[in-house]
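Note that the chains are named A, B, C and D in the order they appear, and that numbering of residues resets to 1 at the start of each chain.
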Amino acid sequence: MPTIRIQTEAFDSGAEMAAISRNRTDIGAVASFVGLARDMNHGDDVRAMVLEHYPGMTEKVLAGLVDEARSRWALLDVTLIHRVGRLLPGDAIVLVAVASTHRGEAFSACEFIMDYLKTQAPFWKKEETEHGARWVEARASDDTAAARWTGS
Amino acid sequence: MPTIRIQTEAFDSGAEMAAISRNRTDIGAVASFVGLARDMNHGDDVRAMVLEHYPGMTEKVLAGLVDEARSRWALLDVTLIHRVGRLLPGDAIVLVAVASTHRGEAFSACEFIMDYLKTQAPFWKKEETEHGARWVEARASDDTAAARWTGS
Amino acid sequence: MTLRILYFARLRERFGQHEETLDFAGSTAADLIAQLRARGGVWAEELAAGRAFRVAVNQNLVAFDAALTENAEVAIFPPVTGG
Amino acid sequence: MTLRILYFARLRERFGQHEETLDFAGSTAADLIAQLRARGGVWAEELAAGRAFRVAVNQNLVAFDAALTENAEVAIFPPVTGG
């Protein structure tokens, strides 16, 4: 039932979010997150970014994250889409939408999936800036965010 | 800059969520929540619901919630739409979409606005069930959720 | 003082009115509730101690010890259930 | 044993290759890292102690003491930065 896609094509985040509850009357809450490519990072103009991934492992990790979220919370549906390849500022990189009966589960599961995706899923970003191309470094705050979900 | 609307007309939650980041390249994160009318509550079929509100105070409370969220977190934009009047199962009742540079602020602000809206904004739901109409009772879990944001 | 009183949702239905203008000799929201409760019947029942209801003065939620002022708009309603 | 080794992102670029097949006489991921580091140059630099990189065996993230097995697919890459 969950939708998981890794794709080079752009996606319409509004349409994807609306689709999760279309023709259903049992969903009370949809929490969603869209991560977008920005035109600025660490003070430099970013003209584009290239997202590399590890085909095979990526699919496995994302499916595992969604399964883990479904085992922790009572979810009615999950959509997870991640782009790879070359993206321009303003493009949606990732979408996570979680449907549930009540909002608490939907919010928690959505944030959990994003936190784990950020630290576990084998994607890497390379930014093209005015000073040349550079690989984005992992942020310590992402490890901190993911650590919230362990041992609770 | 924030969009706040109270309306009897249905709204397109996907289109509203997509609109918040359209033609912008400075937004890195959009967290959003959609609350929907369900066909079932406390074990009874719900055929429709009517949302009553307190015109004047509602606008004031929602604007205050959004201002408070903007003072707590660095937000780039907020959209808050709440329907009133008669709704059918599957209809979107409320949409909160929050745009920010990073995801932490967007998630926190979105959840904060929903938690406070649930306990502070003067809306009341009346459900039409097979056993007649009944006013929805406030949930203690909503007070608990709102209390998380005080004293932190 | 003169007050404009508004009722919403279940209280509006039970009291059979949405709005009334009232002559009020007390000073706080609690005094007003006591005056309304003294009407007996559904008023005494819905506004009994221990029943959950909220009071807003001039569209701000207040505690029951809040002072009321001339021409205030006072709203009395059940705990809210939107969203 | 024979291993298939994959490199991603910055490591792929620095090492100038995405994939290689390697004869390996050790037993753990740490042994493999030591063998690669012994090549010197960018290998010694990028895989130095204290540098942040991750190892996956057969597409699962592992700790450096994980045992490697015949024909395993071992991937070495920087901390991930998707989303």
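Heads up, the rule we're going with is that contacts are C-beta pairs under 8 Å (C-beta built on N, C-alpha and C of every residue); 3 or more make two chains touch, one makes a residue touch a chain.
In this text the structure is predicted, and so the values were computed from the model without any measurement.
Asker: From chain A, which chain is the farthest off, judged by mean CA positions?
Answerer: Chain centre farthest from chain A's centre: C.
Asker: Using Cα averages as centroids, what's the distance between chain B and chain C in whole Å?
Answerer: Using C-alpha averages as centres, the distance is 26 Å.
Asker: As a quick test, compute the distance in whole Å between the mean CA positions of chain A and chain B.
Answerer: For chain A versus chain B, the centre distance works out to 22 Å.
Asker: How many Å are there between the centre of chain B and the centre of chain D, using C-alpha atoms for each centre?
Answerer: A distance of 48 Å separates the two centres.
Asker: Would you kindly tell me how far, in whole Å, the mean C-alpha position of chain D lies from that of chain C?
Answerer: Taking the average C-alpha coordinate of chain C and of chain D, the gap between them is 71 Å.
Asker: Could you say which residues in chain D touch two or more other chains, in rising order?
Answerer: In chain D, 83 touch at least two other chains.
Asker: Residues of chain B that contact two or more other chains, please.
Answerer: 35, 103, 114
Asker: Return all touching chain pairs.
Answerer: A-B, A-D, B-C
Asker: Write out the stretch or stretches of chain A touching chain D in their complex.
Answerer: 35, 51-54, 56-57, 60, 82, 93-94, 114, 117-126, 135-138
Asker: For chain A, which residues count as touching chain B in their complex?
Answerer: Residues of chain A touching chain B: 12-19, 21, 23-40, 89-90, 92, 101, 103-104, 106-107, 110-111, 114, 141, 145.
Asker: Under the definition above, what is the set of chain C residues touching chain B in their complex?
Answerer: Chain C residues touching chain B: 6, 8-10, 12, 52, 56, 59-61, 75, 77-83.
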